[in-house]
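Letters A, B and C mark the chains in the order given here, with residues in each chain numbered from 1 onward.
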Amino acid sequence: MTAPVLEMRGLSYSVRDNRLLGPIDLRLASAGITCILGPNGAGKSLFLSLAHGMFEPDAGSVVWDGAPAATTRQSRGYVFQSTPMLRRSVRANLDFPLSARRSPHGARAALIDMALETARLTSRANQPAAALSGGERQRLALAQAMVAKPRAILLDEPGASLDPASQCALEDMVRQVAASGTKVIMTTHDLAAAKRLADDVVVFINGTIAAQSAADAFFTTPQPAAVADYMEGRL
Amino acid sequence: MKALALLMALLATPLAAQNTLVLGATSTTENSGLLAAILPAFTADTGINVNVVALGTRQILALGATGDVDVLIVHHRPSEDAFMAAGQGAARYDLMYNDFIIIGPSADPALVAGAHNAPDAMARIFATQAPFVSRGDESGTHLRELAFWAQAGLSPKGLWYRQVGTGMAASLNIASAMSAYILSDRATWLSFANRGSLSVLFEGGAEMRNTYGLIIVNPALHPHVQAAAAESFANWMLGPQGQAAIAGFRLQGQALFCPISPVIGQEQAKPCNAG
Amino acid sequence: MDALATAFGMLVGLDPVLWSVIGLSLRVSLSAVLIAAIIGAPLGALLATRRFRGRQFLIMVSGAFMALPPVVVGLAVYLMLSRAGPLGSLGLLFTPGAMIIAQSLLILPLITALTRQVVTPVYRDYGGLFAAHNVSPMLALRVTLWDARFGVATALLAGFGRAISEVGAVQIVGGNIAGVTRVMTTTIALETSKGNLEMALALGMVLIVLALVINVAIMALGRFGQRFEEARI
């Protein structure tokens, strides 16, 4: 692997003596889409928050491109399963991340227009964000995450509450974002979606990594018992 | 904290304080309309605006003691003397006078109309326990009422004795609604419209004379007091212009207040022309 | 009623005393709302969005003082502004300035508490977004407060309503001086007590109309603000 974009060593997170995650040692490639799989309660969302830098681990380190996660949060985007929108227009919602990063005003219009186009929301630019459908909202959330041209985007089960058509549109957008060089890390329940999107796969079971491999290999070769149980719906 | 208060006040206060005098006057003076009638003439003559705070005598004297007003017009001589004795006032003058009257329901159940003097009238009310409205606010009128009770050797108590704590006109209004007896100054009564069944039942006699005093607050104690303006005010009020204006304030041909020094040549109306 | 007709005539005929009283009331209460808004709205937003020492105490105090009786506020301000008091040298007693101070203090807890109440749900929604974008506390406060502006406007209207209709505070600190510190409510009280009902009725009608206008405005603002809010199923 060329220099990994994300490197975690000895990561662990507990709540009141209850270890929820860890120990984790992980290296992720610099480009492409990594899908994080695993049953409920396996720690996927927690892992993602720690990877982003929103939470601090109890032990271990999270390093992005050689720098500690806590200091470079603004270079990463995050998409929640149901992202809160500002009570403003679509365009204003896209201006907000640029505002938070103090981007120069002159450059903002171009960045916003590009994000709108990628999300296929150009026609909705001046409408209130609250008027968007569920699928459009998630595309807006992804656009918000990418408008400032981050190094990486983390998505937490972004398609979980969407209908198939909206999911499809969102996946197209994810592919486009990844193709432009942004690292994508996405947790998901949906094995079929993972098959469609992933370049590589990481499986969490009970707070630790149960498997990690390239996507092709993962879906075609037999996996250890726990992972196989998960994939076949027995976990 | 101070800066904040100042900032807040700046939003409203026109900065004309130099030419403004704060006068603490009793409600009897204000309610009768006297001040509204004669103060504009004073302002026209001297260019000094007068802001009138109308409260009871005791409250006005308290404001004088803290220096929150510049000049006082009150009407309870013992309290005024105490104020001067405490050094609170720079000077005190008799300004004007009228008289108190006892008002009550025309039916007069306590037979006040036949009383010999004011304490006797009060005793008759006490005896019948007829409803009586007392100012109850340590105003000049209230303090005179209390003096009458004391002279009659009585301590009024009970549901018939109603202490209202309001100004003269407001108290008359309440007495009218209750058809009760009340001690009032003549000026407020004459300008009071809502009489109901009330009428004047007892008047006259030396003990009913109501003299108003004008006191300048002592600038030695309160340096911020508008001493010069207060002096101008006193001079004007006590001089021919003020005294003539007071005498000239009439209602239905009757004078409400009588000047202490009537102006020679000015016709004095009832009751100021009576002996 | 005769008095009612005369009262209406006074209003329409632009009786100068009547309208100067109305003007002073508006000046005093609007100034008070402005001051209370400048202090209370950011304070309420701060209480809704940040944790700091004394936060709980301030929340409790603003809630408790929301319903402070106006006469009590008037008394407190009177004691402060009297020449015998700590701020006596300012010479503010019996001036419109004193009335503005009293009313500002009266409605400050209300505006603070109501602002906090309308900002909290907005901030709750936005919390995740702010964390994801590592938004500075200042920017978070500004964005939240702006997006809650309709609710905040409602809080200000409520404050104005409370200020314009109170009589206890302005009576005590203003002295009800004719032409200087006499406002609608104190005039109503004075004229009614003297039995002069026309002026009192005229002013009463104005106050009622004002109350209606304020309430309609609050409703309209609420509906307008909903345009931007999340559709909840």
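Criterion: contacts are C-beta pairs under 8 Å (C-beta built on N, C-alpha and C of every residue); 3 or more make two chains touch, one makes a residue touch a chain.
This one's a predicted model, so the numbers in the text were calculated from it and none came from an experiment.
Trainee: Sort the chain contact graph into one of these: line, ring, star, complete or other.
Mentor: Drawn as a graph, the chains make an open path, so a line.
Trainee: Among the chains, which is located farthest from subunit C on the basis of C-alpha centroids?
Mentor: Using the mean of the C-alpha atoms as each chain's centre, the farthest one from subunit C is A.
Trainee: By number of C-beta pairs in contact, which two chains lead?
Mentor: Max contact pairs: B-C.
Trainee: Which chain lies at the heart of the structure, taking centres as C-alpha averages?
Mentor: That would be C.
Trainee: Nearest whole angstrom, what separates the Cα centre of subunit B from the Cα centre of subunit C?
Mentor: Centre separation, subunit B to subunit C: 36 Å.
Trainee: At what distance in angstrom does the C-alpha mean of subunit B lie from that of subunit A?
Mentor: The answer is 83 Å.
Trainee: Provide the C-alpha centroid distance between subunit A and subunit C, rounded to the nearest whole angstrom.
Mentor: That pair's centroid distance is 47 Å.
Trainee: Give the list of subunit A residues in touch with subunit C in this complex.
Mentor: Touch list, subunit A to subunit C: 52-54, 73-74, 77-78, 80, 83-88, 96-97, 99-101, 128-130, 144-145.
Trainee: Show which residues of subunit C lie in contact with subunit A when the two form their complex.
Mentor: Listed in rising order, the residues of subunit C that touch subunit A are 122, 125-129, 131-136, 139, 143, 147, 227-231.
Trainee: Where on subunit B does subunit C make contact in their complex?
Mentor: Its residues touching subunit C are 1-2, 5-6, 8-13, 17, 22, 31, 36, 51-55, 66-69, 166-167, 169-170, 173, 176, 192-194, 222, 224.
Trainee: Within their complex, state which residues of subunit C touch subunit B.
Mentor: Touch residues, subunit C against subunit B: 27-28, 31, 34-35, 81-84, 87-101, 104, 175-178, 180-181, 193-196.
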